[in-house]
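Per-chain numbering from 1; labels A, B, C and D assigned in written order.
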Amino acid sequence: MKEKIKIAIFGGSGYGGSELLRILLFHPNVEIALVTANEHVGKAVGEVHKNLYGLTDLKFEKSPEDLFALDADAAFFALPHGQALNLIPQLPEKVKVIDLSGDFRIDDKDVFQKFYKFEHTADELQKKFVYGLTETNREAIKTANYVANPGCFATATLLALAPLVKSGLLTGKVIVDAKTGSSGSGAKAAANTHHPQRMNSFYAYKPFTHQHVPEISQHLKRIGSFENDFVFMTHSLPVSRGIFASCYLETTNILTNEDVKNLYELFYKGSFFVRIVENSPDINWVKATNFCDIAAHSNGKQIAVFSAIDNLVKGAAGQAVQNLNLMFGLDETTGLKLVGTNP
Amino acid sequence: MKEKIKIAIFGGSGYGGSELLRILLFHPNVEIALVTANEHVGKAVGEVHKNLYGLTDLKFEKSPEDLFALDADAAFFALPHGQALNLIPQLPEKVKVIDLSGDFRIDDKDVFQKFYKFEHTADELQKKFVYGLTETNREAIKTANYVANPGCFATATLLALAPLVKSGLLTGKVIVDAKTGSSGSGAKAAANTHHPQRMNSFYAYKPFTHQHVPEISQHLKRIGSFENDFVFMTHSLPVSRGIFASCYLETTNILTNEDVKNLYELFYKGSFFVRIVENSPDINWVKATNFCDIAAHSNGKQIAVFSAIDNLVKGAAGQAVQNLNLMFGLDETTGLKLVGTNP
Amino acid sequence: MKEKIKIAIFGGSGYGGSELLRILLFHPNVEIALVTANEHVGKAVGEVHKNLYGLTDLKFEKSPEDLFALDADAAFFALPHGQALNLIPQLPEKVKVIDLSGDFRIDDKDVFQKFYKFEHTADELQKKFVYGLTETNREAIKTANYVANPGCFATATLLALAPLVKSGLLTGKVIVDAKTGSSGSGAKAAANTHHPQRMNSFYAYKPFTHQHVPEISQHLKRIGSFENDFVFMTHSLPVSRGIFASCYLETTNILTNEDVKNLYELFYKGSFFVRIVENSPDINWVKATNFCDIAAHSNGKQIAVFSAIDNLVKGAAGQAVQNLNLMFGLDETTGLKLVGTNP
Amino acid sequence: MKEKIKIAIFGGSGYGGSELLRILLFHPNVEIALVTANEHVGKAVGEVHKNLYGLTDLKFEKSPEDLFALDADAAFFALPHGQALNLIPQLPEKVKVIDLSGDFRIDDKDVFQKFYKFEHTADELQKKFVYGLTETNREAIKTANYVANPGCFATATLLALAPLVKSGLLTGKVIVDAKTGSSGSGAKAAANTHHPQRMNSFYAYKPFTHQHVPEISQHLKRIGSFENDFVFMTHSLPVSRGIFASCYLETTNILTNEDVKNLYELFYKGSFFVRIVENSPDINWVKATNFCDIAAHSNGKQIAVFSAIDNLVKGAAGQAVQNLNLMFGLDETTGLKLVGTNP
């Protein structure tokens, strides 16, 4: 048996870190060498993430001062935006990096600053980063040393749009109406995730200004020709986990439902984690899993594509591990066949 | 003080009937003469709708065999689609009618049959029906004897679109992504409202084929010129009450956020039940009330309009009573200033 | 018509204040002269409590520095524990006071300090306070100038236990297993009300140490002889509103179900807001209302009594207004026939 | 490697069957030879339980007419009460049986009939059944050919009570206040699981008459001396999964919190699936797992024990597989280290 991949996780107390731990602790080819959480130094992982109580003896550590001495084969960064930007340049080159934050997703420094509200200070490093939307970027990821793991909304949207963008049949405006569960706001309590109100709420937020807009556009342009008007809108759902993206598109030719379905099935042939489904995906069927379920419908030239993911898995930690697998020559499903529940 | 309006409610056991009772029992100008529920004949209303226990002695009755002898000033029909169609022609002419079903919302007999899957057998009566979207049709409703109360999705969508359609500034495709709570499926238990699954679900349904599509188009054409491509999509939300419509439009000219907001405020000036809000409406703020909250945003020529209603109130029983008020010369808010709760 | 009662509300931004506003703004005999919220000074009430947007022009004010000059007939205090204690002594005597906090519910200074963790500094004033559990203390409340409004758990528990304590039939240990919705934790976001976790949670808290224990015992001793062992346990429910108390008791004699039901119906005869129901109450049927629903069952000498209230209404603001009504000679239901919804 | 255990599942379409499939499809020592679902014959398992779509090619089959010819090492019965009773006697003796229904949990025929409302017709077979509460009955299960898998409420309650019953320290009345999520009512839509109402509901049901009462008593008498008065009450929670039992007991001696905790830790030493936790368990931390979390507190001689399980896992399918493991000489955790999620 091959030696295990030694992993460091920076930022283990948030939901991204929590999910990385849930997956990596049981990954057959991985050994967790370090997990940091500055506010929980010394505490058992199972004390903070009580779902893991009894399943691991791992403890949270302080982030090492000398990152260059880090003894790991790979490092995941699950920190708030703006922190990985400063830490990753301090790592030795032999450590492969997967960043779950938005720090390295945008190529254009100015666009980055406009949407993230702070300056991107690692231009050279940015060029080394590969965008980690696995299903559309597998070959690049396999040889990458630095992967920018996609945003949760971006993942659901890009997987829904990629086949049609690639097909060259797209014309006119593209509208994406996306909805996320409350875990998308992170593990810290805040007004917008206050249970007494959130449980009966549905609302839109950040109209026309969400930071995933440039991330999505940039990557679509690499998949195919994409100069279309693009409207992307985010909403809050009163569930814990799940993103649902409803995408409205137009094609140059009339397509039947069968045509569209075929196009999607062909595109995702060989992609274990994308399931093309009838009628509509449902966030219930992907919760806690790395699946992205997609259904596509046509009405003449009007197309509707629906996609559903678990924002913390395929939209974050799961896809990150999928990328790790590829970067280390493993089957991309290794340790990732997480089985969801029915009710 | 004027004599009270004598009311008959046909179909008092469903959620529409339940909400009519919640409102009309406390309406200062109304007296309920009859409420039918064939499966609950003889039972106290407060036994079936336990929220009303202790607040009324009213009992459910059988639907009278001789409708022509009905002693009432007005009759509400809150029956499944297809029943009012047969009953209303049997009423004496002096009884003003408000139908909450879809039976009289579509003028074109063929379109009706296509979407409702049965033949419309009351052509002549159809011509007497006025569409009851109060804010856009007040004058016609005031003198109407027959009102077709709008569908819940249609109400949320039409109130969001009306000002821009009226303005003449609309161009291009119109996309409406609408979401409803589970009470929209009615009071009878069914697979799609089974709690263990619904509580974690979000999915789309009836893509491109929802019966509110022709209802919306037909009424938009009366509000202004509306020949635009129109895509309307319905989704299921894991809340009990509420509809949220996200509408994506395009204008011929560039509008600022301020322009759009002014346009909406002007259009709804004098409409107590439409509140123009900042950022986004939230179904939490309209639950159990007759309000429709709307926010509109522009990004150049791209416009997003969000509307939120309670599907059972402004989307059904509340608007029905609003119409009753107008038909009997009362202020449209009479008995309808239902106050929602914060959490 | 009588002149309106001039009301001051201290603490209008929390959930207690929010509910006081929801009720008092539409109370026929009341006029709100002042509502304070130090962090929202100058803001419209409808901007903070968006359920009230469009229904009032009232604005939040700073708490007056000179309380002695307050021009009001009555003042409600809906502040965090420990604040009313300092403010109420500064009011002129003519202002009748209803305190929704725990500051004046416990007669014994030492017991107070043990459970509230700070010293009670207003001994003399304490003696003037009447405990505001309306159904058991009506006559005293009618002539009171100072009312300590009961805690939410205490209300649900006391109303469930009072008839049996009064009957003299009680023997043995009394166990109360109580559960509350998340709004009981207040309007401020906190870890225990973080939606992603709370929505799937149920847990116990403060075992054997909840501050409502002495409040309940103290009042039971006034209702009848109560020297029984008493275990009171609080749990968190994943709903927004509602308290459900399951009470397990034992009687000296064997009682039939009918006996117990009669005992409860007799005790609450004339109490509009207590409804004796079959089988079990359900928090769904009391939400947003001032009702307390109670069901009682026997199994030989073992008795189970279930009660359900809305923690923010009968458990706080609603009962406070019920007490106000009595203090000013009004029917206790005035302005309080809040109608709940079915789904 | 040993040959795999050939499994038949009778009743694969309900939630019990769904969970058996979720676990057994990925169990390293198991092969599913047959899964029946009479209303889905020929359909893919992943079409009915969409969480399993893409993870198995298994199809539902008709229940074989000749059960005696069944080629399987073990059979799970996840059928409605009353069906296994007739089917199990038809199996060949070599097939080991685990029944998830209530059919073989009660030894006394008359008690069975009183609570299940039909006659028990398999007296002789009943004697061969071993009660499958793994942690308290391991040795018997290891050699059993017939296991009656415990009810969900019974599991949560018995695991909470067993250590104190065994200790001989128990005295006085035992009260258990138990709460279950909606999946406990099964996969078929019904009035009590209708989402619009259930999501805001909490209520008690079957007071003093739940069929798990004799199941619990019978097994407690085997664990230790148990002649105490026993009150068991069931309630409905607005979550999908989870049972929480609050148990109120009394001891002959004063115990400290530490004493009680030690007693529980000792009793469950070596039981991987029981975790003794601080403060309180939370159904959130056991969802989708086979864990039972327990916390115990004392207040003099008054003891409160809280337990939480996933009703479909430790309360049904998970414990069934735990028993299978023992019956076939495997480690009881094989295939059962299901990892729950944090939010």
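Just so we're on the same page, contacts are C-beta pairs under 8 Å (C-beta built on N, C-alpha and C of every residue); 3 or more make two chains touch, one makes a residue touch a chain.
Values in this document were obtained by computation on a predicted structure and should not be read as measured data.
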{"item": "Relative to chain A, chain with the most remote C-alpha centre", "value": "C"}
{"item": "Pair with more cross-chain C-beta pairs in contact, given C-D and A-C", "value": "C-D"}
{"item": "Length of the line joining the C-alpha centres of chain B and chain C, rounded to whole Å", "value": "37"}
{"item": "Rounded Å distance between chain C and chain D, as computed from the means of their C-alpha atoms", "value": "39"}
{"item": "Gap in Å, rounded to a whole number, between the CA centres of chain C and chain A", "value": "46"}
{"item": "Multi-chain contact residues (two or more partners), chain B", "value": "15, 182-183, 187, 196-197, 199-200, 238-241, 282, 342-343"}
{"item": "Chain D residues within the chain C interface of the complex", "value": "172-173, 175, 177, 179, 196-197, 199-205, 207-208, 229, 231, 233, 235, 237-242, 244, 246, 248, 250, 279-284, 287, 295, 297, 299, 302, 304, 306, 308, 342-343"}
{"item": "Contact footprint of chain A on chain D as seen in their complex", "value": "15, 18-19, 22, 25-26, 49-55, 182-183, 187, 240-241, 272, 275, 277, 282, 285, 288-289, 291, 312, 337, 339-343"}
{"item": "Touch list for chain C against partner chain A, complex", "value": "15, 181-183, 185, 187-191, 193-200, 238-241"}
